[in-house]
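After this come two complexes, each holding subunit A, first together with subunit B and then together with subunit C.
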Partner chain A sequence: MREVVRRYGVALTGYMVLACLAWTLGLIVLPELMMVDYSFRPNLLFVEIGGPKDVHTLANYETLWRNTIHLSIFFKTIWGSALVTVVTLVMCYPLAYFLGQVVAADRLSTYLLMLVVPFWINEILRTFAWFIILAYQGPLNALLLWLGLTAEPIRFMSGDGGVVLGMAYAYLLFMVFPLYNAIETLDHNQIEAARDLGAPTWRIHWRVVVPHAKPGIAVGCIMVFMLTASSYAVPAILGGPSSRWFTQIIYDWFFEGQNWNQGSAYAFILLLLCIGFILVMMRLFKVGLADIAK
Partner chain B sequence: MNGGRATGLLMRIYLWIFFIYLFGPLVIMAVATFNSSRFPTVTPWLGTTLKWFAALAADNQMWDALVVSLIVGAGVIVVSVPIGTGAALMLATMQGRIRTFLYGVMVSPLLTPGVIIGISHLVYWDRYFGIHGGIFVLIVAQSSFIIAYVMLMVMARLQRFDSTLEEAALDLGANHVQMFRRVLLPHLRPSILAASVLAFLQSFENFNTSLFTRGLDNTLTVYIASKVRTGLTPAVNALGLILIVVTVVGAVLYEVLRRRERARAEQARREALVERPLRRLEAAAVAGS
Partner chain C sequence: MRFGEVTAVRDVTLGIRAGEFFSFLGPSGCGKTTLLRLISGFMEPTEGVIRIGGRDMRGIGPNKRPTALIFQNLALFPLMTVAENIAFGLEVRGVDKETRRKKALELLELVAMPEAVDRKISQLSGGQRQRVAVARALAVEPKVMLLDEPLSALDLKLRQHMRAELRAIQRRTGVTFVYITHDQGEALTMSDRVAVMSRGVIQQVGDSAAIYDRPATPFVASFVGENNWLFGTVRNVAGGHAVVDTPFGPLRGRAGPGVAAGGKAILFVRPERLTLVDGGATGPDGLNRLEAAVSHADFEGNFANIFFSGAPGRRDIVLQLTNDGAIPNLSAGTRRRLAFQPDHAVVLPEGELASE
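Up next is the complex of A and B:
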């Protein structure tokens, strides 16, 4: 602290401390704490707040445990998010390898730009594009009919299939970049050496590239899982009533049921799920928090 | 080598599929804008038209949402750039455990789902301060994580700062505020500008946090999502197409500027490493002779 004052003087240091406090306490820690506190209280009328009924209780968490529909949607959200994570990992690995090890340097920047541009396009618009494609009378059905692969148009958007497809598309690029960043740092000589020693391609990947890319795989999986599990737009746009996502239940508690305490409890459970996933990935891939928060 | 050629061919096919997959849906959405059909689609094609742009321009709700988005974006810049810069300066001077902890807290919003940030701010401001969702809560909730981006960008630039310049300014009699304004701030200016652009774009395209904190106001992104579900016409495509064009132009510009900046930094580094010592050697030789 003394170092800060010496370097910037009292006025600037005062400002910096204030800015940091306002941000970390006022905008990060306190809102989260309030939400958690709120989730442990019953949903009361305004006049009852602070009264004898206003006590901490686990009732809001019991609701999820007792409601089999909500519970099944919760587990489906976990399962669906894991599926999307694996699908995007498989789809992106070859591309990341190609960009990180194979492509010539002068063409690399063009490829990266081609990836960055869709990355900047809004998630809603990317999802909307699939809404058009998957529509009952949309181009995909038209194509399938024309090819004779189906006799009647398929309702893609009534089940979970459309949701998973749309999510893989919407969050794909959050997998590409961490993977690419990790694979790019691998010395190509290691691959050459493995090849010279007679390793087949799959073993080069399994024993050389993948171990080196572990931090990137972990970060990519964490990002995609988190975005998928907490996505509201994709299931809302591409799903039907039978393919509801956990975030939609949270939204309904807030704006249909007007039970914010209950909604906060569900939100906290979702947050714990994401933190749990991060911890599991860090364990599995033996990476530290410093690697992730880069 | 036959195996190599087969792998190369497979790779090329894979790349084509990947990039068609990436761009195809966006192209289809763009093309559907010009279809006369009442519902946004490309099959069947019912005639080419520009009428959906006119329909979009006549949509008052869209304009209202755009205004809200612009106000919120400007507000986010005003809140997040000064705080993010201050936090970056703070972290740059600190060391040890406290720094690690503080850094962890500061980047944690980047690993927190957007809906959770929105919900926590909705509850926090409404139930503990009596401020309902709306433009104010939108700005602070979005800022809570956008500040982290600003901080990271400013910190990256700060690492290239030669702190002897600070010492020199102070030795020459400048006070701390003067030093900050005349030495440090000019050095940070490019990153502060870039961070402002990024902050605005992040705010403009935000959906998850905005959904919960918007109150009775609609941001443009939330408006598009609600339109897709109810009252969908190709006017939404027209809006999407405009946004995509703006984004693509913006992203390309941003990338070009970033690369030029990086090239310039590389040049400066090379100069400092090679050419400046060379010049000094020359000077010494001249003085010695």
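Up next is the complex of A and C:
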């Protein structure tokens, strides 16, 4: 802190601190606290707020356990998010390794640019692009039919296939970059040393590359899981009626049912789930908060 | 070995004997690292063949060759313990845990570090890491150990200690060592034979005495050790000696390969072979004489280097005197006579010299 004041002077530092504080408090902390407070209160008519019926209760949280449909969707969301995380990890590891260790330095920026450019387009639009590609009469089915791989078109978007694919794609960069950063710092000589000692490729990855990339893997998984569990647009667009996502239920409570209290409770449960996942990952991979922040 | 337009190594025909400690000596960029990577299998030669134990190594990758490479920065695995590092090659070959640990301990005994078996790499000093790297390479029982300037990152005292250690390990295990370095002290003290390289070409192969006392090319004469260069034209060649007309007068030395009358040549004489004398132009004992003015002197502890102004446009002539307590105090500008024996000097045709 002293360093910052020394570099920028008291006034500027004061402004920076105040601005951050105002932003964090006003836009994040206070709304969250309000929401948590809402979640403990029953859904009352406007006139009854402040009256005798306005008590703190756990009723909103109980609704989830009693409602089997919502509960099953909740667990499906957890399972789906975990699946997307694993799929994204498997897809991105070879890519990150290729970028971090194989590509020559002068070609690297070209590849990174190619990777990043599609993400300049809005997430919703990209999801709609997948909607078109995966449609029953869309280009992917046309290609499969033309290649003779299937006899009739596949319904990608009824069920979870489309959603998983769409989300794995949407949050790809959040997995690639932490992985790439971690793998890039690996001394290439170690890979060569392992090979020189006789190791086949899989063992080099298993014993040398993956242990080194562990912080990157942890960060990537955390990011993707959190984003997936709280994703609204992608499941809404790419999911059929049988694959509703927990976020859609929260949305419904707020906007269809006008029950902000219930919605807040559900949202808070989702938040707890994500925090829980982060803590588990941190324990499992032995990563600290500082590593994740980096 | 060609990379596009650049030929990194050319026309190397060389046999390294089993059980030999062989060094490649040369400045950076001379191609010695390329050679090492070719032998270890990380590169395939664009022309030519590499044979180990009589077997053609073409198409055989580094993990299948009977070689073990020790990298310049050692490349130990930081996330594994010392024992795991050493046993890695065995782990790859499917050896069971107990035998691996036993072998690791044996090798640690060999490099005199048995107590470090479960330590992390980050807890080791530079010299200790060196020894772990050597043990790791020996674990796979290679036919040839390849060492890429392993001592360059160590300080002087440690380097000298490790030189002796590596030599001892090589003798004890009998494995062929191929060592590359730009430090000629290392190459000369450790090796059975040395190949001096410059710009991708091997200049000379021989044992330490041959390289030092009987250089075959001006590069070898100027790169290995300190040497004085006296330029001139050859007057005549007779009985294995050549007389060269230099700005200091005619001087006689042993004739090296390729010296012919009338050709341009360089006479090389080592600073420690020069002596200060009083007296005439050429002594009756056949000693060469040259007269020069003192430029400056460097006192280095166990010896002193006295610099004399050389021919115009050429470097100083250096005289090295051992500190026997009687080093004369010579002021700049003093003219003195230097002498040397003809057999202590080598005459070679003008050619590439080591850069300063």
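Keep this in mind: the second predicted complex is superposed on the first by the 269 of 294 C-alpha atoms of A that agree within 3 Å, B and C clash if a C-alpha of one lies under 4 Å from a C-alpha of the other, contacts with A are read in each partner's own complex, and residues count from 1 in each chain.
Following the convention adopted for this analysis, a residue touches a chain if its C-beta (ideal position, glycine included) is under 8 Å from a C-beta of that chain, and two chains touch if they have at least 3 such contacts.
All of these numbers come straight from a predicted model, not from anything done at the bench.
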Quick check on the superposed pair: does A:Tyr251 touch subunit B, subunit C, both, or neither? Answer first, second, both or neither.
first
So in the superposed three-chain picture, is A:Pro139 touching just subunit B, just subunit C, both, or none of them (first/second/both/neither)?
first
Just checking: does A:Asp187 make contact with subunit B only, subunit C only, both, or neither of them? Give me first, second, both or neither.
second
Looking at A:Ala104, would you say it contacts subunit B, subunit C, both, or neither? Reply first, second, both or neither.
neither
Looking at subunit A, does subunit B or subunit C touch a larger number of its residues?
B
Complex contact set, residues of subunit C against subunit A:
40-42, 61-64, 67-69, 71, 73, 75-77, 79-80, 88-89, 91-93, 136-137, 140
Give the list of subunit B residues in touch with subunit A in this complex.
7, 11, 14-15, 18-19, 21-23, 25-26, 28-29, 32, 39-44, 82-83, 86-87, 89-90, 93-94, 102-117, 119-124, 127-128, 140, 143-144, 147, 166, 175-177, 180, 201, 205, 207-208, 211-212, 221, 224-225, 228-229, 236-237, 240, 243-244, 247-248, 250-252, 255, 259
What residues of subunit A sit close enough to touch subunit C in their complex?
187, 189-190, 192-200, 203, 207-208, 211-212
Which bits of subunit A are touching subunit B when the two form their complex?
3-4, 7-12, 15-20, 22-24, 27-32, 34-35, 38, 91, 94-95, 98, 102, 109, 113-126, 128-133, 135, 137-139, 142, 169, 172, 201, 222, 226-227, 229-233, 236-237, 247, 250-251, 254, 260, 263-264, 267, 270-271, 274, 278, 289, 292-293
